[in-house]
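Two complexes, one shared chain (subunit A), two partners (subunit B, subunit C).
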Partner chain A sequence: MNNSQARNQDIVVSAIAAHIEKHKNRPGPLLPILHDIQNDLGYIPDEAISEIASQLSLSRAEVHGVVSFYHHFSTKPRGRHIVEVCCAESCQAVGGRNLEKYAKEKLGLDWYQTTRDGEITLEPVYCLGNCACSPSVRVGKEMLGRVDNESFDELIDELTTVPLDIAPLEGR
Partner chain B sequence: MLQRSDTINPDSTSFNQADSAAKIAEPQIFDPRTDLDPEMDYGTPAPTNDPTPISELITLSIDGTEVRVPKGTSVMRAATMAGINIPKLCATDSLEAFGSCRLCLVQIEGRRGFPASCTTPAEEGMEVKTQNEKVANLRRNVMEMYISDHPLDCLTCSANGDCELQDMAGVVGLRNVRYGYDGNNHLDAEKDTSNPYFTFDPSKCIVCSRCVRACEETQGTFALTISSRGFDSKVSPGQDQPFMDSECVSCGACVQVCPTATLSEKSIIDKGQPDHSVITTCAYCGVGCAFKADMKGDEVVRMTPWKGGKANRGHSCVKGRFAFGYATHGDRITSPMIRESIDQPWRKVSYEEAFTFAADRIKGIQKQYGRNSVGGITSSRCTNEETYLVQKLVRAAFGNNNVDTCARVCHSPTGFGLKTTFGESAGTQTFDSVEKTDVMMVIGANPTDAHPVFGSRMKKRLREGAKLIVVDPRSIDLVDGPHVKADYHLKLRPGTNVAFINAMAHVIVDEGLEAKESIAERCDVEAFEVWKKFISDKRHSPEETEQYSGIPAADIRAAARLYATGGNSAIYYGLGVTEHSQGSSMVMGIANLAMLTNNIGREGVGVNPLRGQNNVQGSCDMGSFPHELPGYRHISGQEVRDQFEKAWGVTLDSEPGYRITNMLDAAVEGTYKGLYVQGEDIAQSDPNTHHVEEALRNMECLIVQDIFLNETAKFAHVFLPGSSFLEKDGTFTNAERRISPVRKVMSPLGELSDWEVTLGLSKALGYEMHYNHPSEIMDEIASLTPTFANVSYDRLDKEGSLQWPCNDESPNGTPIMHIDEFTRGKGYFALTEYVPTEEKVTKRFPMLLTTGRILSQYNVGAQTRRTENSSWHGEDVLEIHPHDAEDRGINNGDKISLASRAGDTHLRALVTSRMQPGVVYTTFHHPESGANVITTDNSDWATNCPEYKVTAVQVSKVANAEESSEWQEKFAEFTKKQIAFLDV
Partner chain C sequence: MSAENTTRVYISRDSSALSMGAEKVASALKQGLNGQNVTIIRNGSRALYWLEPMIEVETPAGRVAYGPVKAKDVAGLIEQGLLEGNQDHPLCLGLTEEIPYLKKQQRLTFARAGIIDPVSLDDYRATEGYKGLEKALQMSAQAIVDEVKESGLRGRGGAAFPTGIKWQTVLGAEAEQKYIVCNADEGDSGTFADRLQMEADPFGLIEGMTIAGLAVGATQGYIYLREEYPHAHEILDEAIAIAEKNGYLGDNILQSGKAFHLEVRLGAKAYICGEETALLESLEGKRGMVRPKPPIPALVGLFGQPTVVNNVISLSSVSIILAKGADYYKDFGMGRSRGTMPFQLAGNLKYAGLVETAFGVTLKELLYDFGGGSLTGRPLRAVQAGGPLGTYLPESQWDVAMDYEEMAALGAVLGHGGVVAFDDTVDMSEQARFSMDFCVVESCGKCTPCRIGSTRGVEVIDKIRANQDRDNNIELLEQLCETMVDGSLCAMGGMTPFPVQSALKHFSEDFAK
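Right, the complex of A and B next:
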């Protein structure tokens, strides 16, 4: 482990500890802790599971059971953006399957894979509750309706474009 | 259909009206623990383990049969009690109803749909139909789905003949699977063979969650879960890891409940299903679990915990369940051997020759050095009958009282302390009593490792809400684990037990929390007043004792209040209490505390010594002490001696004989020359190995009777083959005074059972004893020992087990002692002044060593080291706190030197914050570790129980990891030589 890895590791460990500390004394602390860790680190590292277990007087298996039960939780690092394509009935009924196929081709990914640059992870989701505007896609907290191939391209362009922040040339 | 069997308590009854004709007397109560057949699976647990008055039972009708059951009983259980079996897969009566398999659906008059019978409570007047076309169709459909994703290899499957899935497929009449077998399935799921004793084959799993629930409810380890969801659901040890990498403790509870071949014993996979089984008692710890030895011919293929066992209630641990292979290990010595001196090779001889050789030597020694120059040590692992014979041989054939037992080095202070205060040398409760306990105080015991099956029962009660006080220098598993957290962990400094217990009593008296009424009524008031004055002194206040014990005064005050006012409070203690220079004082302090708060004489309370070895209680009961005849009666009593003299036809010495420590000291001095040791390894287990070895080298006739060439046998002149618990009939007595049968399932490998060997030796010594069977020995014990008066093999066969005292006053035994009155009459408050141990930390030895045990290994390890249990614990390590390790530059896994004023040894370090700074810990399961090279010959003031738990030591890093200590090198060389002497 080099220095920067060790530093990252320290950050992860202290983040986990902080999230546990914040919730451990409330009733039903497990899910809030898991959400906070995932929101913070993007996933739930293995070491978080043993730490949560020992702090909450649970076994590792119990925490793992909860984490693995909810598809929302990931135990592996994911991309900076999570693109969730709805595969539920309503979306399927209006061409969702084509969109699924297109999304995979466009990104060169299968479900749960991440682009090589670590930017985008593609995931299926089963109903976002946005059925009136099917097919739906969610990116982070943002919900998109009536997505077709074209608007999916736009979305990906947006996600992969980093705006340059050019400072005005003042006082020269 | 249940029949009234002989085991049924005459005071209670079978519940079923159809059986009423067979009743002996009109029944008054229904007791689920005696009135049901332990061989049946009732599907769901009893709603209560307490007896229910017959008048309070509810009546319902199942398929037209009326059945009366306690309120809260499930429909499934009620049906089984009526002899009607409802198909089931996820239900078994050791686990709470789960309702997942949907096979047990029934119809209930007046209710809609098809409720699951396991989760539906029976109600008064309910009319249940368990069989009709509709439910049959539903069940068949459910079964069809199960089988659509299950391998169809029944004929070659290890569970063939013992598979509930197969049985249920037959019961529901499944004839085809319309879905076919080509859909998504789990048939290729990979097998996990990491555990040495069982395999996990997920391709055969039906995800009934029985294993997960058993791990939680029965064992309390929570090592298993169902990971993921829906079709992907699967049983996951830890975080989808192999079993060996998870928290699994290999207790076997999951294997026991698995309805398919998913979790199977490797021995069954290798050898096939057993053809018969014999109920017997485990030969490991003092819990005394009842097991079924599952046999093929005369080979044990599996040990399964027996539900009818009153100590274990169907649970087991890794030792009893799996580690029985030592019994047929290649190291077993099956032929008698003799040699002139320990520098010579062994000669295999006939029993006759060995007996004559030994007897001639013993007689010669006595002639030359006097009658008292020889003695014997009885075994806490052998049966009561065998122990009784050895002490009889010593007293009658040797003609002295030089008999002692390993309890000398473990629970002798318990015997002394409880006899002094209560009047009887034994624990006061049954294990079942823990189900009524509100506050547990665990002192110097580590039940989840050393008494695992009882540890699981404690954890179960703790999950139900009981409070827990742990008093231990080390953070044992009970302090903090899944769903268990000690309310107080009082981390005392080793050696300050009495300061602690006095402070507890001081707080209770100081704050007026004592049970004044019961003290006045039940205890010796005069002694109490003296004691009260003593304990009220400020020197016993927690604020004062804090300086010795290191326990914050506020914690002691809080813990004392909890103990005194928390409802039923029970104390469980182990060798952390007794193995001290003040062991006896501490035991009396514990007894005082129980009397002070009226926590004695009913269920849920009491003083519970957790005895170490399977029959250490029994060996004490059987008169193994130099001053006591069987039943704890002093040898100086003329009347008692008369009885034995008459029965044995000899004159007994009225003077107490040597204790083990006296024997060893006298041997070093050269006045003690002959010793007969049965099933005990003093060279490894007794403290200050240098001293023990010197004593053994001085012997002129050391007779060792054991199943292996143990460390002591390496110094022996006569070796007599021992027999394992599978090779003989007899009884063991566990920590709750329960006498349980041990049954012979195979012939002794050395031809004779241990009791027969003792008879042979005695005969050669000129004192012939006549017994054709151990039952006759028990009859003699019963005739001479008032507390055993009504014990016989016939009764044990009928009752399963009996708790002494079992005599005319309590013909069915005594689960709870001292109910209305203490055995000694009035309870006695003994003064327990705290006297610091002489074993103090110094500049040279600045740390304290304390010793203990680990789950997978047992005592000196002679048995468990010869099984796969060593996969969990291959060597003894030294546990040390990170601060102490850092100070000394020690990393995890480093070789360290552990030195005391007695000696030094080299071990590997395990850096862990389980320890407190300044205290280190190790185990003594491996002889080459030499843990007892370090321990000193300090001992308890009253009983000479060694102070294993406190030794001042220094720990330092060893430069060369390969290097051994001087003792270890000598040990290795001596062992090599002695092993070579076997092969000549």
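Right, the complex of A and C next:
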């Protein structure tokens, strides 16, 4: 789902309600709820915070406190792809710092910023557990090892190339 | 399981193998072998990561390996007799078990890694899986705890606390509900043993947790898994569902009348949640703030109840200890470090991967005999052992035998077994700055030495690097490190100075440029 759709208020509200409903009777429900909302909507909207607070009998400050504590949760819409570049020691040992710099230059972004077309958000990550194949980059479930400038370029090309939707000729 | 006369071909679904292109190779294989009598099995990894993506083919003589394979190599490999295990192709590595890197190891906890299909219960049982649980079901709770105590197993997460003693405390606690929590928040850079284990042998962990439940009287377990491990998440969920379906988890484990339920909970990117009390807060749905100890989690843990918190490798080792006996396990190792340790070779090494071996292997052996020296071909200069809170060791210390006590004698830590090597291009003042900066980003903020100390640490290192009043600032940094070590609530602030102090001590020239 892209963000413009997600902004459709009704959809957002009912999605939030469904995610809360699914988990609220489990022990320690807050993180599972936040994960589901972010997976679905791409971020944690304000209205989610009030709704979670009221459903779980927490204050809004408590929910906000949890959301802001974890690097994973975002309270702002982000790009269609989240490109995470590993900034930890194993990657540093094989050119990770250069890759960080290159990624920022290539995309014209600093950490947690999104390209103007809304395609890519750049984020740092501290270790992807791919340390035998450093430096590493992650996009969603996909992880890349031994990333250099060239393979980073290829990755960005792939992410920003949208297949053309051409109707079959016979149908015209 | 497949019919007997089909050829079995293995290609890994491990995250690191996938990061090097295993999925493309698997599809090329599928395409190239279309119509032939072949079963393609997506195994875990042997963790000889420089050889991934690696294809293995079962032959009468054993498995023959090829690697690192690119998708474009597949057609040629098939043409040159891949399915017969033909060894003429330049990518052929011979019999997998004969690859020296693997042959020199003692794989106990990782005995199944890369060998079985991680989500095949049949494969697991065929390799002595669930033997430990079957034995445990015949034993009293105290007898299980005694077996673990006897094995000498110490927590493999980093703190090295004797596992059996922790279990004894939880067993002795009176409570309606107790919990088993697996700490799978493997945040240390340079470590991937937990991930590998969960992706290659998830039933090993599930079995270990079930045994832990029987041992202390806990009926609910949680695996607190870091969000950064989506593949491990998928595999664990698959394996848990299979275990439930086959009566290995649930209300009546193997008709014993005993219950154990298991669930994966995801973290959300916070290094501090690898600290056990912060982890418990997070599981409860709170900010991952460190709790003061006492009370210890064994008595007042998750939701205030007695809780075993153990690392993935510790819990997986329990399955082996119960299956093979404490004596078998204890025979490996030296001094008070018993059993085996999975060392993870990372950073600037030619042959990075997992080396499981008895304690006592020297760091130099790991770096050169296994690791093959630097990836870049330049001389190695510094090694960080034990994750981002571990010290940097200069070459003069590389003869150290890797066990808990020998490392401690150097002021170093073994931690979770990570070894990150740097070549001579490293700037150690920059690494020291990073250590402080990492603490700025990841401190939970509960105690002042960690929260404020780390920020001041970055500032003062910046001044030293800019050559401002260097001598006084170095003295100030040393004092700050002492304050953090002595005054922090947990290891985050208490150990962040270790890499900084060791960089200052052994690589002082990098602070004087």
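Throughout what follows, the second predicted complex is superposed on the first by the 157 of 172 C-alpha atoms of A that agree within 3 Å, B and C clash if a C-alpha of one lies under 4 Å from a C-alpha of the other, contacts with A are read in each partner's own complex, and residues count from 1 in each chain.
The definition used in the following text is that a residue touches a chain if its C-beta (ideal position, glycine included) is under 8 Å from a C-beta of that chain, and two chains touch if they have at least 3 such contacts.
The model shown is predicted, which means the values in this text are computed figures rather than measured ones.
Peer 1: Just checking: does A:65 make contact with subunit B only, subunit C only, both, or neither of them? Give me first, second, both or neither.
Peer 2: A:65 sits against subunit B and subunit C alike.
Peer 1: Of subunit B and subunit C, which one touches more residues of subunit A?
Peer 2: The partner making contact with more of subunit A's residues is C.
Peer 1: Using the superposition on chain A described above, determine whether A:128 touches subunit B (first), subunit C (second), both, or neither.
Peer 2: Only subunit C is touched by A:128; subunit B is not.
Peer 1: State whether A:37 touches subunit B only (first), subunit C only (second), both chains, or neither.
Peer 2: neither
Peer 1: State whether A:52 touches subunit B only (first), subunit C only (second), both chains, or neither.
Peer 2: Neither subunit B nor subunit C is touched by A:52.
Peer 1: Same subunit A residues contacting subunit B and subunit C, which ones?
Peer 2: 65, 69
Peer 1: Could you pull out which subunit C residues touch subunit A in their complex?
Peer 2: That would be residues 15-16, 18-20, 47, 49-50, 52, 186-192, 194-195, 227-231, 265-271, 282-288, 303, 344-348, 352-354, 375-376, 384, 388, 418, 420-423, 426, 431, 434, 438, 441-442, 444 of subunit C.
Peer 1: Under the touch definition given earlier, write down the residues of subunit B that touch subunit A in their complex.
Peer 2: Contacts found on subunit B: 221-229, 236-240, 246-247, 480-485.
Peer 1: Which of the residues in subunit A end up touching subunit B in this complex?
Peer 2: 46, 49, 53-54, 57-62, 64-65, 68-69
Peer 1: Looking at the complex, which residues from subunit A come into contact with subunit C?
Peer 2: Subunit A residues touching subunit C: 27-32, 34-35, 65-66, 69-73, 88-94, 125-134, 136, 138, 140-146.
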